[in-house]
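Below is the structure I would like to discuss, written out as structure tokens.
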Amino acid sequence: MTILVCNTPFDPWQELARHQQALEQCGRYGATACFVGTLRDFNEGETVAAMTLEHYPGMTEKYLSAICAEAAQRWPIIDALIVHRAGEVTPNDTLVLTAVWAAHRAEAFAACRYLIEELKTRAPFWKHETLKAGARWVEHNTPG
Amino acid sequence: MTILVCNTPFDPWQELARHQQALEQCGRYGATACFVGTLRDFNEGETVAAMTLEHYPGMTEKYLSAICAEAAQRWPIIDALIVHRAGEVTPNDTLVLTAVWAAHRAEAFAACRYLIEELKTRAPFWKHETLKAGARWVEHNTPG
Amino acid sequence: MISVKYFASLRERMGRAEDRIDAMHARSVAEVWAEVARGAPWPANMLAAVNHAYANAQQQVYDGDEVAFFPPVTGG
Amino acid sequence: MISVKYFASLRERMGRAEDRIDAMHARSVAEVWAEVARGAPWPANMLAAVNHAYANAQQQVYDGDEVAFFPPVTGG
């Protein structure tokens, strides 16, 4: 289980390639499910020029690790990875990556979905959008 | 919508990076869900040394395209990608990649799951396993 | 002519990948099977396609069509 | 001492990121809020954490604890 809060841009596919390469259980996983969240250039009717992701260092890592551990308790998964961006981001930047390696696809999908839903509900991150005119805090997430 | 049947090994993360780079709707997708199927080194109690993926050229491409089109009718997705391996494969080789780009995660997950489930049910591929002793046709897929 | 293709375990069982049969008269998929299998019954679970689309045993087949018989698919 | 942290819109509203208050006596999270906010009511939707774990308003806080107040989270 690996979690990472990243203050600079990251490429989700490179992270996945690197993580999978390091996975020692070669030949054991048959299914990988992953989710990548990317900053769009509009939200709730407004053009978004940039965004700042604030978080609570210490509590963030604790909750991301706990969410991975919970997923591993609920489903027979082999490994999980969460990478979350922090700081200044611009449209097309990756915000979050969740991935699960398992023997079969049912548990890979279920656990991957669990990681992103729990992360959105519990991990202490806050989005502050820079709009064309002004700025605003995002009040709530899109329902899953 | 892109579908590809690949007779040589492919790296799923490179395919995803390449496809996403070419996606013209920059700033429009907020959610990418993907699934990667990998050959394990055992199946139903037997050690698998290698596998041959046979398929029905012509019908395969038709069904992979149809499944993508159906997903795009059912959910508001921006793009979909299916890459399926054919020919001789060995453990840790990627067998299949399905990916969906959408504005939000609910439709990305649902459509990605649809692609792999429908592919397993309808796309004309057949797995022939080379075991330590002998060989066998895989009779049925693992339920989703 | 009607082209008849076999895949996977069914190809091995037939001992060949393809047959070509005359198309003097239209006939059903079931009749095509009876002809190429010399009267052997329809195997349990066998699937059929006509012109790259799944077909049931009653579907009519015409000159120039491509028929395929195969076991349940196991891709992905 | 008890460290009290504020995040996001609540940090802006408080005009500061952190307070330190004395810890002569144990008190609840609600009492910590009343002290740092000088009696202002608990804002609708405000969440609290004690030592990096979510906490309700009744949870007791002790010397050396870190309390945090923040709006609903919006990560991912």
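Labels for the chains are A, B, C and D, by order of writing; each one numbers its residues from 1.
In this section, a residue touches a chain if its C-beta (ideal position, glycine included) is under 8 Å from a C-beta of that chain, and two chains touch if they have at least 3 such contacts.
Remember, predicted model here, so these are calculated numbers, not experimental data.
Participant: Using direct touches as single steps, what is the fewest number of steps from chain B over to chain C?
Facilitator: When the steps are counted carefully, the minimum from chain B to chain C is 1.
Participant: Can you name the chain that lies farthest from chain B, using the mean of each chain's Cα atoms as its centre?
Facilitator: Most remote chain from chain B, centroid-wise, comes out as D.
Participant: Using CA atom averages as chain centres, what separation in Å is found between chain A and chain C?
Facilitator: 48
Participant: Could you state the distance in Å from the CA-based centre of chain A to that of chain B?
Facilitator: 23
Participant: Please work out the Cα centroid separation of chain C and chain D, and write it as a whole number of Å.
Facilitator: Roughly 72 Å separates the two chain centres.
Participant: Going through chain D residue by residue, note those that touch at least 2 other chains and give them in order.
Facilitator: none
Participant: Spell out, as numbers or ranges, the residues of chain B touching 2 or more other chains.
Facilitator: Where chain B meets two or more other chains at a single residue, that happens at 37, 116.
Participant: Applying that definition of touch, give me each pair of chains that meets it.
Facilitator: A-B, A-D, B-C
Participant: Using the touch definition up top, name the residues of chain D that touch chain A in the complex.
Facilitator: These residues of chain D touch chain A: 5, 7-9, 49, 52-54, 68, 70-76.
Participant: In the complex, go through chain A and note every residue touching chain B.
Facilitator: My answer: residues 11-14, 16-17, 20, 26-42, 91-92, 103-106, 108-109, 113, 116, 142-144.
Participant: Along chain B, where are the residues that touch chain C in the complex?
Facilitator: Within the complex, chain B touches chain C at residues 37, 53-56, 58-59, 62, 84, 95-96, 116, 119-128, 137-141.
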